[in-house]
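Presented sequentially are two complexes of chain A, the first with chain B as partner and the second with chain C.
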Partner chain A sequence: MNLTERLQRRVSETLPYEELMPAEQPIYVHSYVYLFGIATVASFILLIVSGIILSVFGPQWWHSSTVGHFVNSAHFWSVQAFFFFMVLHLWTAFFSGAWRDGRGLTWVSGMVTFLVSILTAFTGYLSQQNFDAQWIGVQGKDALNAVGVGAFFDALNFGQMYGFHIAVLPVIVAGLVGLHLMLVRLRGVVRPYPLDVEAREGARAGAEEVPV
Partner chain B sequence: MIARKKAYYAGIPTAPYDLVKELLVALAVVTAAVVIFALVLSSPDEPSLTLQSVSQSDPQGFVQTALGELNGSGGIANYGPPYNNGTANVQYLGPQIGPIGPFFSIQKLIGVHIPVDTAQDYVLGPLMQIAATVPGLSAALSTYNGASATQQSAWTDAYTKALGKATVSGVNLSVPSCACGPVTLMMSTILHLGQRGAMDGLLLTSNRFYRTDYTRPLLFMADDGAVASHAASFNLLGTQWGVMNETGNYPGQAWLWLYTTLYQIWPYNGPWAANADAMAILTVTILTLILMFIPWIPGLNRLPRYLGVYRLIWKDYYRRVRSGAIPWSE
Partner chain C sequence: MTPSFMNAPAHYLHIGFVLISTANLLVIILMIVVFVAALLAPLPSRREQS
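Take a look at the complex of A and B:
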């Protein structure tokens, strides 16, 4: 068996097609909170699309073009939507103890995605080429310098921040989102916490009395 | 279904679930919301300040900043790493408790990586570049550069006093005559360059044609009080919840709320104020690591069970189990 065949076999064993796109879910996956994750992904798609348009026309376009300003506004509100849904997703995952039953890595991948997203947004604010970017850079440099990061990650260097924002960090976020989704699909959605003893016994009794 | 997942779901009924439809609906709804927000509320775009605008709106402050860069009394001149070996902004990851500490500075350990010589970069260098076009400037620069440090300080000190008595009329600055040697011409030329917009270009010049690094002019602006005043009018100062805010009535980086909160509370705004940035980042890093590795922290990893919010999340499922409509599976 050559390397390609080995990889092929490994992928088909660990990532079967029907697991990545299942057509059925456990019956408890029936709550609005499960929409927060997919809404985060939808916001991310909008961010990428609006971001690509902005980068195609260059960082100064949106200051002088009505269409450009609209695209920037869409990018701006997509960021707000992205973090809004992502934070809701994070907290509902927390309150449901989503890391249980061997899902620790799924939780960590989500947390890392959140942190890298914060950095991506920060570099976006620094790439605006307006007063907001100037002030956030001037103020933010002190925190970065205080922990030695500013020597290599210069908030006042537009070229570096723009490169991070449109190339390096989005690729990392996209990869992390992909990893997170794959882990969710492979390990499945965590089961609800067990009912307390009395309720569980009541449920058993009910199951005997009420035909399903 | 792979065996492990099949075993995990054993005994639990399943129901049809259309992931693709869910994504498409979510995309349609979020797109509609974003487009409506973009059309109705637009987005902030407060024009950037320039050294020209700053020098015109506050000529006295601009010259004061330039003088501070020249004589080494400015904020950036004494900042410390990564710009120079000053100490004014060096922060430590540990407060001083009585005679003990401060403990450890990563900032000092990393050292100078973006060298900025304020006198040369902000005053002498730009003036040298245009010296041939301003009568007497070459001689003034030669006089200044050839003088002793004591003489240079005497001139800049005298100019500082005279600048304090200066009068401003619009964009014009009248500084009383003083025994300031070449500094008078140097400072009036700097102001002239600033107000004509030349300083914006001169601070960006280098051996290369293309420039995308605005570190030097932005550091000059950081020393100028006019920039902070402009930021204060938008509630952007650190004491006003800083980077979490946005110009105009727009949401900013609200997700930084915890980090920004620390700057508003004791001891970060009290005994730790001199190291507030380093301590705030250290605190947030520790809290983030706890949240990230909560699955493996005994006790904390059971917190959601005790908080009970999960009862709301799976309310429908529990109701159906209790009613016997679906079986309970251990």
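Take a look at the complex of A and C:
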């Protein structure tokens, strides 16, 4: 068996398309709170599309033309929606205990996505080229110097921050979102906590018996 | 053209040790409202519609 065949077998075993693209979902998923995740993904797609347009035409365009202002604003409001829905999705995941029953990696991948997204948004605010960007850069450099990363991550260096914002960090966020979605598909959405106390105690006792 | 309210310093609320801009407080309140509404509002199903 050659390398391609081994890879083919491994992918078909670990990533069956029936689980990656299910046609039905459990009944408890039938609620608006389970739509916050996909609303975050929709905002992320808008962010990527508007971001590509901005990077193609450049800062001169988005500062001076009417269409540039519009796309710049669309990018700004997409990131507001992205964080708005991501935090609501985080609340849903937290209050439903979404890390239970072998879903630890799903939870961790979501949390890491959240942290990298904050860094991406930070470099985005630095790329605005307005007084806000200057203020954030001057304040941020002290924090970055204090944690010892100022030598290779300079908040006052527009070229470096812009490069991080449009090339490095979006690729990492997209990869993490892809991993997160894949894990949600493979492991499914966690069952809600049982309503009555006895069943909850039973579930807890049962969970303790499962080998880690 | 910039709306006049965007061309001025942000309004802040200062209650004891809590210091928060009105805009941030409104967003947090809106998030709580949307979260509670999403929990309580029934999601129409395809079967019910047909």
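Here, the second predicted complex is superposed on the first by the 196 of 212 C-alpha atoms of A that agree within 3 Å, B and C clash if a C-alpha of one lies under 4 Å from a C-alpha of the other, contacts with A are read in each partner's own complex, and residues count from 1 in each chain.
By our rule, a contact is a pair of C-beta atoms (placed from the backbone, for glycine too) under 8 Å apart; a residue touches a chain by one contact, two chains touch by 3 or more.
Small disclaimer: the values here were computed from a predicted structure and weren't measured.
Taking chain A as the reference, the larger set of touched residues comes from B, when chain B and chain C are compared. Of the two partner chains placed by superposition, only chain B is touched by A:Tyr162; chain C is not. In the superposition on chain A, A:Asp154 contacts chain B only, with no contact to chain C. In the superposition on chain A, contact of A:His30 is made with both chain B and chain C. In the superposition on chain A, contact of A:Leu88 is made with chain C only, not with chain B. Judged by the document's definition of touching, chain A residues 30-31, 33, 35, 87, 92 lie at the interface with chain B and also at the interface with chain C. Per the touch definition, chain B reaches chain A in the complex via residues 1-2, 4-5, 8-9, 12-20, 22-23, 26-27, 29-31, 33-35, 37-39, 41-49, 80-82, 89, 91, 93, 106-107, 109-111, 113-114, 212-215, 218-219, 221-222, 227, 230-231, 234, 236-238, 242-243, 246-247, 250-251, 253-256, 275, 277-278, 280-282, 288, 291-296, 301-302, 304-305, 307, 309-310, 313-318, 320-328, 330. Within the complex formed with chain B, the residues of chain A that make contact are 14, 16, 18-19, 21-31, 33, 35, 38-39, 41-43, 45-46, 62-63, 69-70, 72-78, 80-81, 83, 85, 87, 92, 94-97, 99-101, 103-104, 107-108, 111-112, 115, 118, 121-122, 125, 128-143, 145-148, 150-152, 154, 156-160, 162, 186-188, 191-195, 199-200, 202-210, 212. On the chain C side of its complex with chain A, the touching residues are 27, 31, 34-35, 37-39, 41, 43, 45. Every residue of chain A that touches chain C in the complex is listed here, in rising order: 30-33, 35-36, 84, 87-88, 91-92.
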